[in-house]
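Across the two complexes that follow, chain A remains constant while its partner is chain B and subsequently chain C.
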Partner chain A sequence: MSNTSPTSVLLSVSASPFWHCGRTVRAHRYHTLLALLPAVLLAIWHWGLPAARVMALAIVTGVAVEALCQRLMGRELSIDDFSGVVACLLFAFLLPAASPWWLVMLGATLCITLGKMAFGGLGANPLNTSLVGWALLYVSWPVLMDPNAMQLTTQYIDPLVRLKYFGAESVASISLTDLLLGKQIGALGASQTLALLLGGIYLATRGIIRWEISAGFIMGVVVMAAIFHTVNPVQYASPFFHMLTGSTILGAFFLATEPASSPDRQIPMMFYGLLGGAMVIIIRIFGEYTDGVPFAILLVNLLSPLLDSIRPKPFGGK
Partner chain B sequence: MQPFLKEFTKGLWKELPPFRLVLGLCPVLAVTKSADNGLGMGAAVIFVLTLSNLIISLVRHIIPKKVRIACFIAISATLVVAVELLMQAYAYPLYQQLGIFVPLIVVNCLILGRAEAFAAKNPVPLAIADGLGMGMGFAMSLTFIGGLRELLGAGTLFGKYIMWEGFQPFAVMVEAPGAFLCLGLILCAMNAFNHWQARRKGQDAPENPMPGCESCRACSHGK
Partner chain C sequence: MKQRFQILNDPRFHLVYGISQRFSDGPSPSKVRLNREGFTLAQNVKKKAVVHSGMLLAEHPSIEKGDLFSPIYGEITEINERSIFISALPQPPDTPEVEPVDLLQEGLEGDELVMRCKKMGLNTRSLGCRCETLIINGLNPDPGVTWTEPMLNSHIRTFHAAMELHRRMGRFKNVILAIPQGSHLSYDGVKTVHVPAEYPNSLNPLLIKNVTGEENPEGFGCIGLHNLWSLGRVGRTGLPLTETVITIGSYEHSGNYIVKDGSTVGELLDFARIALKDHDTVVRGGPLRGESVDRLDRSITKGTYGLFVVEAGTIPPMEGHSSCINCGACVLICPARLSPSNLSRYAEFALHERCRKEHIDICMDCGLCGYVCIARRPVLQYIRLAKQKLAEKDAQKQREEIKITSA
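Right, the complex of A and B next:
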């Protein structure tokens, strides 16, 4: 710089991208939390304070563990982006309201450590953070994780358990309005179907989640269930029943759409959703488990790198 | 005595087979549902590895270079059949537990790896020391990972219940995913420990050793 004249200005150019739309991880998570709020309130209304206890415990444990992990890894503390809060809240949504405290704390710890920090933190997880913890707990303690076995003081019934063990005729009398309003036994947040549907539509219209994944997922569930239902309506339940029970809506709008573990382009996203939805029905009909949504999403999460290889040919490329 | 001791002890920590060399992972993942199984498998591997190292080191000048792998496999297969028959005769319950993984010791890359990387190049006493050390390190690791999985997944250790009353076993640990989880976490802990130790001594973080690497020639490490 010795020969620079005093009047010249040093211009520096930083690396691209130069344009930023102003979206941040934190704003993304704020919107998600806002969309989950009706379901949180309804969950407390339906299941009482135990539901609030499970959600609060999961969030507090998860955030504390995330802060501890980041400290141990020598990373900048980034718990204020609320990604851990959302992941742990979604994890709590999949638990029965009567879960023991240690189960909630262990699950939230596993979500954050094995689901997220082991792979390098935010955005590096190949599987949905909340579902990793859920799956480990579900395989280990199937009874404690089963809402039907845990919620004994309610007059609601578990539609999926009834479908599995008593056949489609026994669930034909359940009104879809009841299912929509959350009058069913299920995981504490996942059963608040209408609230989740509203929240999901809000996120999709704001562009926070990609509608292709959610639409594909619901279409996969409905089409697959419709095929079975048309072939044999006595044995298989209706597509709307499958859409409104278990955690289908939670999965479609909140779990399958997690940005890190889902594909990035439109066509792969649709395939991803469709495959996930179809897998839900396959697990529900042929599988051992009553609700196939979490396992179906974990499976398609693993497929998403493969689906990402469906990409447009660049101009002049081979 | 000095080189003998050095070759023996390297397998016990510095080049611990499953956790440092990351060799022989098939039995590490498959048979470590309990500490008993891990120890039994480890004992079988000590036997096969020591004897195969001994025999290969004895015949290392006779074997033509081009057919050496086949010869190594033939020798270790013979020994594995011996172990299998011994196990059937004296430890039949253990044999039933381990099942197919006893014959699979033949294709365990630890056996072939030590034969290729060490026994085929070194005199008999050193080869025996290497086989014994590696085998004992392997048995130790298998028992450790088996004990950990058994303790968390069933609350027992060597079949004795030792956890507190009302302990709810973390059943995923004795299932297949638990093996991968345990192995990953142990590797992570080993690396973290080494980095911490190196930092305390003021050295650079150590690389994991890659023995046998030079014989493969797939990349620039091979000569």
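Right, the complex of A and C next:
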């Protein structure tokens, strides 16, 4: 074919750069869903169909609400970027498998409306989308949101409840392997520690989440717990116990790393992670809540604009 | 770290391509289109006039801008405010020929030589400012552009002619040639420094930093190899400059050609045997910083260093209405340590003054922000828009001040 005639082909005109790394919002969410898949499967393995029910219900409700909101706001539909799916799946991961249907639907609705669309949609939320819904439900129906109170027909125990009310010695016998494999009472997805750890490492090496945040978060948990544990090993559990219980790993890799509500630069990201991790242990030891991860992350979310103001001088140092 | 965690993991960004093949001559164009904005037409240059290769068409009043010469033998078909169009004619045997001038023999120096070069069609502004130490940028300017290595390896005599002429211009005291790490080039009397050959290190501020270890040190200037080659070309041939070296590249093909000033994009792509499909993008300049053209009869100019085809469907399409999702990739990648996310949003909502507070003037225009943007926002375009608006505003302010002081 000849190119000499100026009108022989229809050229696309665009703005530079004309090369691209190939990553898109949707591809990032695909990878995130892929990283969550092992945890989804393990959650169904451990908690059966009720877990599948909660996850499916949360996703369907969330996506429908998102579509409705976008319609009402006169926006273009963007549910096909799967960000709503990821947010609602992460929300479902924080629920007990036996949650009543209305609680799941209400929570997913709150996540999308108050956690995301109220601020203008994807990327504009100052707080983690999934945690906003979770926190509202948790303060309203603390019993229904407590896995230990909801999961009555299981032989597993809730290690954090045991730690809180019976002391560190009572949990010393719990094997870390059991915790890794998710043989513990906890939120349906958050307790699948090993699966989440693998998924999280996958995302970090792909550069989809920022490893600085995850590393900082885990370091915060481990260092803070180690300090307490060294001071009084009878009263305070080991750092590894804290790392593998509750939703620490889910928080470190999937919740704290939500880009919109976390800082952008390396040093602030590390601070952010460290503060979040340390806060988890402080809440677990001195607070009323057994887990502490969701509230710790919400708190550091609030700090992230402040942390973002730690920035290097621009090139040439003005 | 950036490489390891996949934010920037594009092998194409390694600016060494191992090419040593000499440049091929481009096609003899059937028509050319030359930019004449700011030029004064020479005598007898009007519509239907027959011009020959190397004939003076127009002069520029500034010493910094080279005069305009006809690249081919042909007839002027149209002259408008922006361009001169020439259609090629078969060359009769008695065509007058331009007498070559041996600039090296002439022995001119300093500003006289600069003026002579301008009269030979060279843009003397791009030959580097006056400075203590001049760094020759021996890296390919954009990824995908591959002419640097042949210029340094295979066209050595042109390089030496250029160095000699440039030395006589007396614009610098010392000269350093910055070449890619691992390269074994050496030239008599030229100090070489090895720099990591990764984009964006080819941008002048970063090149100077890699050579000196300092950001924006005093007394350093840069010159692109492309401009130096043009100078050497004029020195070697003794003829007015009517050519440029470009890389013509597509996904599968890449080659370096010496092409006539004003050649049309369509003819060049034909010559390089690159077939276009609908919705392909044709880029004039480099793939990261260039501009896309809308028609195949657009032409390339002396400063053009590349012509690329980006096939439809190879990259996710840019979305002008896409909003920033705060992922922070651009902030992590920005070599100037700016926040392109903020800059682009300020520009999007016409808050240009805020861009100034965010140091938009430091932006090096590398385009990496747009390259990593997962929301496919035209980040670089927003930043360029804000820069343009601020420059217009400043010019307006200056005019008003002049009015007040003169009144």
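Just so it is clear, the second predicted complex is superposed on the first by the 295 of 318 C-alpha atoms of A that agree within 3 Å, B and C clash if a C-alpha of one lies under 4 Å from a C-alpha of the other, contacts with A are read in each partner's own complex, and residues count from 1 in each chain.
The definition used in the following text is that a residue touches a chain if its C-beta (ideal position, glycine included) is under 8 Å from a C-beta of that chain, and two chains touch if they have at least 3 such contacts.
None of the values given here were measured: they were computed from a predicted structure.
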Chain B versus chain C, judged by how many residues of chain A each one touches: C
Which superposed partner A:Pro312 touches (first chain B, second chain C, both, neither): second
Contacts of A:Leu122 with chain B and chain C, given as first, second, both or neither: second
Partner chain(s) touched by A:Gly74 [first = chain B, second = chain C, both, neither]: neither
First (chain B), second (chain C), both or neither touched by A:Leu114: first
Partner chain(s) touched by A:Val139 [first = chain B, second = chain C, both, neither]: first
Contact residues common to both interfaces of chain A (with chain B and with chain C): none
Chain C partner contacts - residues on chain A that touch it in the complex: 1-25, 27-28, 76, 120-124, 204-207, 210-211, 259-260, 262-266, 311-318
Residues on chain B engaged by chain A in the complex (per definition of touch): 168-173, 175, 177, 181, 184, 188
Complex interface listing, chain C residues touching chain A: 5-10, 12, 30, 143-144, 205, 215-216, 264-267, 269-270, 274-283, 285, 287-297, 308, 310, 312, 315-318, 321, 323-328, 331-332, 335-339, 341, 359, 362, 364, 367-368, 370-372, 374-376, 378, 380-381
Partner chain B, residues of chain A touching it in the complex: 114, 118, 136, 139-141, 144
